[in-house]
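Letters are used for the chains, namely A, B, C and D, taken in the order the chains are written, and counting of residues starts over at 1 for each.
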Amino acid sequence: MKPQKPTTLDFEKKLDQLRASIEKVQSNATSQDQVSKIEELKFELEAQTAEVYATLSPWQRVQVARHPDRPHTQDYIDMCFSNFIELHGDRYYGDDQAIVGGPAKLGNHRVMVIGHQKGRDTQENVRRNFGMASPEGFRKARRLMKLAEKFKLPLITFLDIPGASPVLEAEERGQAWAIAENLMEMAGLKTPFITTVIGEGGSGGALALGMADRVLMQEYSVYSVASPEGAASIVWRDHKFAPRAAEALKLTPSDLLKLGVIDRIIAEPTGAAHRNYLDAARLLKETLTEELDSLRSRSVENLIQSRNAKFRSIGTPTSNPSGLAEDSVVS
Amino acid sequence: MKPQKPTTLDFEKKLDQLRASIEKVQSNATSQDQVSKIEELKFELEAQTAEVYATLSPWQRVQVARHPDRPHTQDYIDMCFSNFIELHGDRYYGDDQAIVGGPAKLGNHRVMVIGHQKGRDTQENVRRNFGMASPEGFRKARRLMKLAEKFKLPLITFLDIPGASPVLEAEERGQAWAIAENLMEMAGLKTPFITTVIGEGGSGGALALGMADRVLMQEYSVYSVASPEGAASIVWRDHKFAPRAAEALKLTPSDLLKLGVIDRIIAEPTGAAHRNYLDAARLLKETLTEELDSLRSRSVENLIQSRNAKFRSIGTPTSNPSGLAEDSVVS
Amino acid sequence: MQFFKGTKKPSHAISDLWITCTSCNRMIYRREHEDNLKVCGKCGHHGRLTASERLELLIDDLSKFEEIAPEMRSEDPLGFSRDGLDYPDHLKRYKSSTGLEDAAVAGTGFIDGRHVSLVVIDFRFLGASMGAVMGEKVTLAVEKASLEGVPLIIVPCSGGARMQEGMISLMQMAKTVAAIRNFHDQGGLYIAILTDPTLAGVTASFASLADVLIAEPGATIGFTGRRLIEQIVKQKLPKDAQSAEFMLCHGMIDLVVQRNVLRDTLINTLDLLAGPTAPKNSQAHTSLPETVQQ
Amino acid sequence: MQFFKGTKKPSHAISDLWITCTSCNRMIYRREHEDNLKVCGKCGHHGRLTASERLELLIDDLSKFEEIAPEMRSEDPLGFSRDGLDYPDHLKRYKSSTGLEDAAVAGTGFIDGRHVSLVVIDFRFLGASMGAVMGEKVTLAVEKASLEGVPLIIVPCSGGARMQEGMISLMQMAKTVAAIRNFHDQGGLYIAILTDPTLAGVTASFASLADVLIAEPGATIGFTGRRLIEQIVKQKLPKDAQSAEFMLCHGMIDLVVQRNVLRDTLINTLDLLAGPTAPKNSQAHTSLPETVQQ
């Protein structure tokens, strides 16, 4: 559901001013001159938007990824998929609305789609706990993963979570256990599996849906081991160092592509997904379809082997048995 | 743990009087005459006990099966097994103390033992909810069944439950789901599996641990689709008809052996297990060992096939396609 | 849709023309209620359907329904008698009032052209208590689905165990579940539609083990009946306790679906999980993939 | 038992002779504390053990411990620097204070004559945060256990993720779990002994996926740290929240075991689940049955 009242980030303000000018001219445009003026302003808006977004700092990118108007999982389900049936419940304790999922069609592919779900307004955010999933959400996701495996539906997940719910009740019901069980499930899941970070990929709660054959990120999403605020508290002992932490954590798509943590970046329309839902959805759907076609041409055994080999290789440090390795490079 | 203050059932009263006489004579026995008197009284006690227990009505058998002094699962674990390690928790919600379980040794066999656990005194009964298991108890049992299967430990279970916990909280956490999942687990469990009703085998909560290759009952246990009180409420619309329901339900070991629901009856010492823990345990252990030796000589595939074939055949009604079968018997 | 055309209404006395909603107590014109699939137009209460009404609602063509073991009836394993009424005579009374041999009706039919194995259950027959006939018919339907590689659809309903069959009744839980485990191990698709009420041994065996659990609005679903819980805890339960919506909220079921879109939801679920309809008697198991190489 | 004979104590200044219990604040004679396996004689508080103390406590003979990748050390994948302190220099400080390259020590050894693959973790090294070295060493130990068909014993401890390695740190969760899944699929036995504290990504990956989860008394175990929870909910948590005993009560762990019987409990568990000790390099996988025919 698109937002009723758009939110403007600091660095978007001058773009909003341009937008206001365009509307003003447009509202009483009669002469050919005025029409040209509008065209000119629109061109200007496009150029300035591109410029602003080309030079975002990592911390500004975090703001975009968290933008309250940014499309969420259900928006992409509505725009990219058909025949979706939302399935509910973990069969143990509850139905966590911070995670949604169910079978659907992506073009002609029957798939299982699961994602973190933030709310759009305060009321929905309370219901969805601001997208901070609880153990029963992760367990619902695991149940749906097993269904996907059983019925040989490729799995498509969307990551968009500030972090797993940080309350005592979640601890009591085994937040860590729920996440670990999901990882173990995904490590051997016998079906093609694509994940896309569509907003905030926050820590273990994000990875709990994201151990996929193909890990994609939308252009203005971020994916991080901890929130910049949390990392700042730990490393700088003050959450106000969040912008510096955002820089240091290397949480942008291009950095993570270089680090080998993700496989591909999905472009967003100028001004990011929250300015143009339809184009964002179209670009996402095209990429998902292309990736899915490619994965389906491979055997499930091959997929699982490659999936685990990929995660096996991330960050493997050089082992220097007896400290000889460094020297032996010389000889 | 043996009870401190024994309880006496109505039909045991005259036996208790005899016991009191013996103690009285014993306490100041000096002459040879008195010693002979004691022998005589003891002989009389044995004979009368045998007589009383030979003619128990089904309803009286229900009282014996529920006898507060009757040995419970933990008593048999202590007396028949060694090296027991109690494992806790369902990994979802809690640790239900109405079910205990863990690996142990039965003679030289490494096994997994699981059973319903009633309390001995009020305090323990509160902790163990009078043996009425909750969903997390059944889920703990399922986890231990899976461990047994993984490590190829034969499974030995003890049934002793008035019924699954009948409170709203148990409904909320899926009491029915937990029991059904256990049945599905046991239906394909790849390990030899023996169950013994040691007290009250109450309904689905009992069966949730009891879909075994060999279903045994101790001589003075009962196994029933519902408590006699519950069945009386349903059928006679008054729980006071419990004695009549106990009769009608065919819940005694010999009736159930005839009906093909159980495979074997384990003898108890004269006066039932609560009068003689050690002999009851010895008879139980001998039977379990014998049955286990026999099951271990068979392949797991064969066991599962026979297990399901047995339950498949229970109560299969005559199908009379087109109503012809009855006539065709004549021709 | 010509709904419930099989329902016989011999006379048109006033009491036959109007019924009272069991939920909101308002009078409803019977014809309208039946046109509305027995859902109260005022309060949305979903009335119970008979076995044949349920079949008519779900399958393409009642005449193509091939019933499994239609004549199967309860034996009297315990020699059960209550106040002079023998169990077999008791059953005969229900047969004459319902036209059924027992609560469960099993068979194969088509849903949107797809061959399925199906069980529906009629509460009118002794409160749909589970005895050997229900256990056996469910098991036969599951075995049929396994054998033919078609989806399994069960529409459970039950007040509890069939007391008159004692432990034979309890053992039907084990029997049905063993068949369902085998079906799942083969990769079969099982969808259950829980109706009012689904309780006790039926919920704790075949009913809750579906891949997708749909429930009708307001249906009572659980293990222990409300009356017993209230006796034990000595207080009234909230009105919605054990309702389908309550169970959805507690994570136990997938969907609560209004009866007027039940068949469509079922068809969509079948299409998504089992794939496009294969022609009848096709070799392909419906749950096999179309394009993933194995 | 000659406990912690490896602990070096160069001087005997008064501050070295006495320590203060971090739980009850009472003074304890250091020698007595170490003889008591660093368990406070007054309040029972289980003090943290170093990696070598933990090994000495659990395995038969420290000299037969074959360490895996002892020289492996963190690289600096992000080029991380804080206030002029580069991450590699940061690590060097910890190396010089602990003598370790990183928090995790992995290897193979014997417990009661049984060959096992083992990982112990030392909190002193950067709060036992999980970076690529811990992830890699755990993975290598799991792979070793798979390859040799021996039980896997991990003694986790961690304050959280290694921020300085960013997403590389997070990915260690996936890496370790994939190895553990493979080990479980092979039927391997994995026992974890959770120590104070076991939090965040370590609990949410390899630590909680054991067949048997043992914890030390009073150990803090969970996902989110206490401080963050208290910030979010704006109130103090109960003192025992996230303790081993709390987690036992909530069904998350199997056993809380006093340190003085920990080794015996571990041996009994190994004997029961993996069977009698097989000679080293025996062909038989320890989890295979002795008498059941397959």
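One rule holds in what follows: contacts are C-beta pairs under 8 Å (C-beta built on N, C-alpha and C of every residue); 3 or more make two chains touch, one makes a residue touch a chain.
The structure displayed is predicted, hence computed values, not measured ones.
A count of C-beta contacts for the chain pairs B-C and B-D puts B-C on top. Note: centroid distance chain B to chain C, computed from Cα atoms, is 33 Å. Chain A and chain C have CA centres that are 42 Å apart. Between the CA-based centres of chain A and chain B the separation comes to 54 Å, rounded to the whole angstrom. In chain D, the residues that reach two or more other chains under the touch definition are 184, 250-252. In chain B, the residues that reach two or more other chains under the touch definition are 91-93, 173-174, 177.
Taken as a contact graph, with one node per protein chain and an edge wherever two chains touch, the assembly fits none of the named shapes, being neither a line, a ring, a star nor a complete graph.
Remark: the chains found to touch one another pair up as A-B, A-C, A-D, B-C, B-D. Residue ranges on chain D touching chain A, taken from their complex, read 69-75, 77-78, 80-83, 131-133, 135-136, 139, 160-161, 163-175, 177-182, 184-185, 200-201, 203-209, 222-224, 228-229, 232-233, 237, 241-242, 246, 250-252. Contact residues of chain D toward chain B in the complex are 184, 187, 189, 211-212, 248-255, 265, 268-269, 271-275, 287-289, 291-294. Residues 91-93, 135, 139, 173-174, 177 of chain B are the ones touching chain A in the complex.
Those residues of chain A that touch chain C in the shared complex are 83, 85-95, 103-105, 110, 136, 140, 147, 150-154, 191-192, 296-300.
On the side of chain A, the complex with chain D involves touching residues 164, 166-168, 170-177, 179-181, 183-184, 187-188, 203-204, 207-208, 211, 223-226, 230-231, 234-236, 245, 248-251, 256, 259, 261, 307-308, 311-312, 314-323, 325.
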